[in-house]
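One chain, chain A, appears in both complexes that follow, with chain B as partner in the first and chain C in the second.
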Partner chain A sequence: MRAMGMDRLDGRNANQMRPLTCSRNLLHRAHGSARWSQGDTIVLAAVYGPKAGTRKGDDPEKASIEVIWKPKTGQIGKQEKEYEMILKRTLQSICLLTSHPNTTTSVIVQVVGDDGSLLPCAINASCAALVDAGIPLKHLAVAICCGLSETGSVILDPTKVEEQKMQAFMHLVFPNSPLAVLPEGSSSKHDEPFEHGIITSVTHGAMPERGYFNCLDRGRAASAAISEFLRRSLQKDGS
Partner chain B sequence: MDTPTNLVDKPVVPGDVVLDLSTMANQTIKLGAGLRQDCDTISAMKAGKLRLSKPNKYWIESSQKRYVPCVEDTVLGIVVDTKPDNFLVDIKGPNLAFLPVLAFEGGTRRNIPKFEIGTLIYARVVKANSIMNPELSCTDAGGKAAEFGPLKDGYMFETSTGLARMLLSSPMCPVLEALGKKLSFETAVGLNGRVWVNASSPSNVILVSNAIMRSEFLSGTQQRIMVEKLMDRLQ
Partner chain C sequence: MATSARGGGEGEAAAGGGGGGGAAAEMEVEAYRRLFPVAYFERHLRESVRLDARPLASPRDTSVALGLVGSADGSALVKFGDTTMVAAIKLEVMTPPAESSDEGSVAVEFYMPPICSPTVRPGRSAEVAPVISKQLSDVIMSSGMINLKDLCLINGKASWIAYLDIYCLNADGSLFDAALVSTVAAFTHLEIPLVSVSDDGRVVTVPGELEGKTKLPLVNKDKRKLMLNNVPFSLTCGLHKEHILVDPTAEEESIIETFVTVVLDTLGRVVSVYKPGGSVLAYTSILKECITLAKRRAQQLRNILNESVSAMEVDKSS
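Here is the complex of A and B:
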């Protein structure tokens, strides 16, 4: 299963991601906002909250998160509802829901450009917007898209054209790599470092088991670079 | 990645472990905003700079548009509703705050103040936890009025919590000092990100408000230069 140095249309190699940009605090009225772009895929996320009151039926002992996905064109359909559900579950697992009980935080995601790898771009933008709004989080979420071709080679961050050519592709979300002041060799270093956990995995298409784990390893390795980029962009002074 | 020994005064993101408690037995540590305890470690919940106030107070300094109520903070609230026992006041936090009708100097059932919806109130936070609505008071700890109460005339604008803290810092923040040398005005700053300005003429009010809004990301000298330029345009 040799990666044959696949010729990608834009000249990247298999492990290369498109250039990332992230800017925060763009929207005047939103309590937190972020714009994340990976090449031509651009997503704008806005966070409002926490606001008093949960929706009917939600647990009042926890904060509730509501996600609204707005596509670039067209009406809201099943695909948008699916994205909303995946985004909501991912954000629920990184937010500290018990710090503001009986409140609702709304996350609104607007797709500005779609050129493949849309859901990971939206997850990254939402995470940056939550940090901008000051919502308490357990850790950050870093999302990446991997494509698997028939020959078994893995490419990262496929464009829309590449996604359609792939046999299968998947969206993976990992926790970020934290800085820690723990002493070396402490007992809290478990078998695996913290960032090897996985928050969300969504697959499209059929793939062999080996292929899935291959993609998982590549995605994990790349998530370290995105995590570092997110950390640096969060540290820049706002505006 | 080499593990840093000390993250104090360095920028942190949510998830960073800032203190390891297993090495510090028999010490009391006070945790401020943005930090939480996770078994044997203290980790960050917000992105910002980790600060330490000797001997043992840690907190994360960050600036947001919303406010998290803390006891003993002075805030500017807007009355949204009146109830028999409390005024409901919006302080830009996750919940509405209650201001008891008797929490005024010399307040009795006979002289309850009549606040309309939309009145701006300068008050002090008395009770604040994440579960209940926060409670305010228009008296200081000794029961005196001490400048608390409704604010009439003037102009109120909203800022981030970071700018509000900078305006209240001592020694006085350069923009207020520079404005005070040339103009006379009064301000009330709420730690929840609201600022009220009043002066004798509307153009002075606008000048002071614009100067404060522009000073958020400027250094001390830049603020002084900005104020001088605004003054020159007025003359």
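Here is the complex of A and C:
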């Protein structure tokens, strides 16, 4: 494969992610918290709730999720607002919203370090923090960043420098692979397995259609590894 | 309310027959629509029709009018059904920053004033407005629609900053799509003012009527129009169970939870595939379907835009 030959600045190969770490229950006042790092990109997430009542305009028959994004320095701008909205919608889709109607769960995301793949790192951290807080979830979400170069090769988990050099990069979120045997027909009517469905896709930069689908394939393969890491990490802390 | 009356016929059957007919039946359908919006909506989908009597894959009537704002350098009004956007561009001369001395810049702002929707309260700005601003500037930049070098006047000394303001006058769904069309239309209409350098070295704009009279040399006499390459067009699809609904209205957006926005440019490249969460998972087959629908829509929007440009030229010449 061409992509394999391309050496990266930090010596990784194209398919290699930076080392992942996940630790939970770091904050005493929060109901759940987690710190997730991918190399120098580090995010701390705290979960408070469920608290009584929903915001005006939200459906009171469902639980509501509120996301507050704290950048490392400075004030929040449009970029952070966008991250908040994507994170909120992504978390809403994995939570069992009907189990705590008329409540609000706050997720506070503090960026500790940003070296590329920031949004996927925040999604992974928030997901682990939700588990730590014991919020009922349908399944976990695993997020990955893929970069697409001019030549069409795909790299995983790019750093900030790599993101700027790429023709395009995208943040993808997949559900984790289920262990339970789902009843016939419930998983999907499609030819693809459940964990191949995309929860969230956010792309930057123009790319050929084929490049996008290439990235999806590679992202899916990588998400299985992250999903395995997340599951192992949650089991270890839980026992 | 012609559209809702058409939809009402379908809903009547859903309500199990309103009984006597006439005003009473009409009331019951309306009540059913309010009380059980999801059931009402799904009853329509079973018949492959939507609340406003559209088929699933057809967008709303779209119109583009250029040059509505006289005080702006370029402007456009775009309607997708009831969704209305006004985009206006104002050009100002600025000193370019040292690291990009031969480039101009574009500042995008999307406004949702309280008149546009009952969900927007005065005093507090809508949550989605800054997100749409960000998405628009991302798409403008990554599609390469505007070559920022074309906005340069004098290298290192002066370049244009284009203030693009988009006002949503009526928010009836698919806001990003309408905002993007209005952006493209406003840039198509944009006419760059004449500028010259005065004796003391300042860059001054020359009003149109003085064009022949001024003694100062004109800097940009042959650069009055901005060349647009790779124009991006987008399509938002709502995913509800196994259905794909194109160009959803605000009522549909309140029921559907999952949306995919695909942006394609003239070269057929994918500029953005944007799916923020949602309960329906997008499999490859669904994404391919959305991209196909977006291609068709992009072609349609391109034709509508071309028509509006030629309509304006006819107006000018007559």
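Operating definition for what follows: the second predicted complex is superposed on the first by the 224 of 239 C-alpha atoms of A that agree within 3 Å, B and C clash if a C-alpha of one lies under 4 Å from a C-alpha of the other, contacts with A are read in each partner's own complex, and residues count from 1 in each chain.
One rule holds for everything that comes next: contacts are C-beta pairs under 8 Å (C-beta built on N, C-alpha and C of every residue); 3 or more make two chains touch, one makes a residue touch a chain.
None of the values given here were measured: they were computed from a predicted structure.
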{"item": "Contacts of A:P175 with chain B and chain C, given as first, second, both or neither", "value": "both"}
{"item": "Partner chain(s) touched by A:V131 [first = chain B, second = chain C, both, neither]", "value": "first"}
{"item": "First (chain B), second (chain C), both or neither touched by A:H139", "value": "first"}
{"item": "Partner chain in contact with A:Q235 - chain B first, chain C second, else both or neither", "value": "first"}
{"item": "Which superposed partner A:A52 touches (first chain B, second chain C, both, neither)", "value": "first"}
{"item": "Chain B versus chain C as contact partner of A:T203, first or second or both or neither", "value": "second"}
{"item": "First (chain B), second (chain C), both or neither touched by A:P60", "value": "neither"}
{"item": "Residues of chain A contacting chain B in one complex and chain C in the other", "value": "175, 188"}
{"item": "Touching residues (chain side chain B, partner chain A) in the complex", "value": "1, 3-7, 11-20, 22-23, 34, 36, 40-41, 43, 45-47, 62-66, 68, 94-96, 130-131, 216-217"}
{"item": "Residue ranges of chain A in contact with chain B within the complex", "value": "31-32, 49-52, 96, 99-103, 131, 133-134, 136-140, 175-184, 186, 188, 230-231, 234-235, 237-239"}
{"item": "Interface residues, chain A side, partner chain C - complex", "value": "57, 77-79, 81-82, 85-86, 88-93, 168, 170, 173, 175, 188-192, 194, 196-209, 211-213, 216"}
{"item": "Interfacial residue positions of chain C with respect to chain A in the complex", "value": "119, 127-128, 130-131, 133-135, 138, 142-144, 230, 242, 257-258, 260, 265, 268-279, 281-287, 291"}
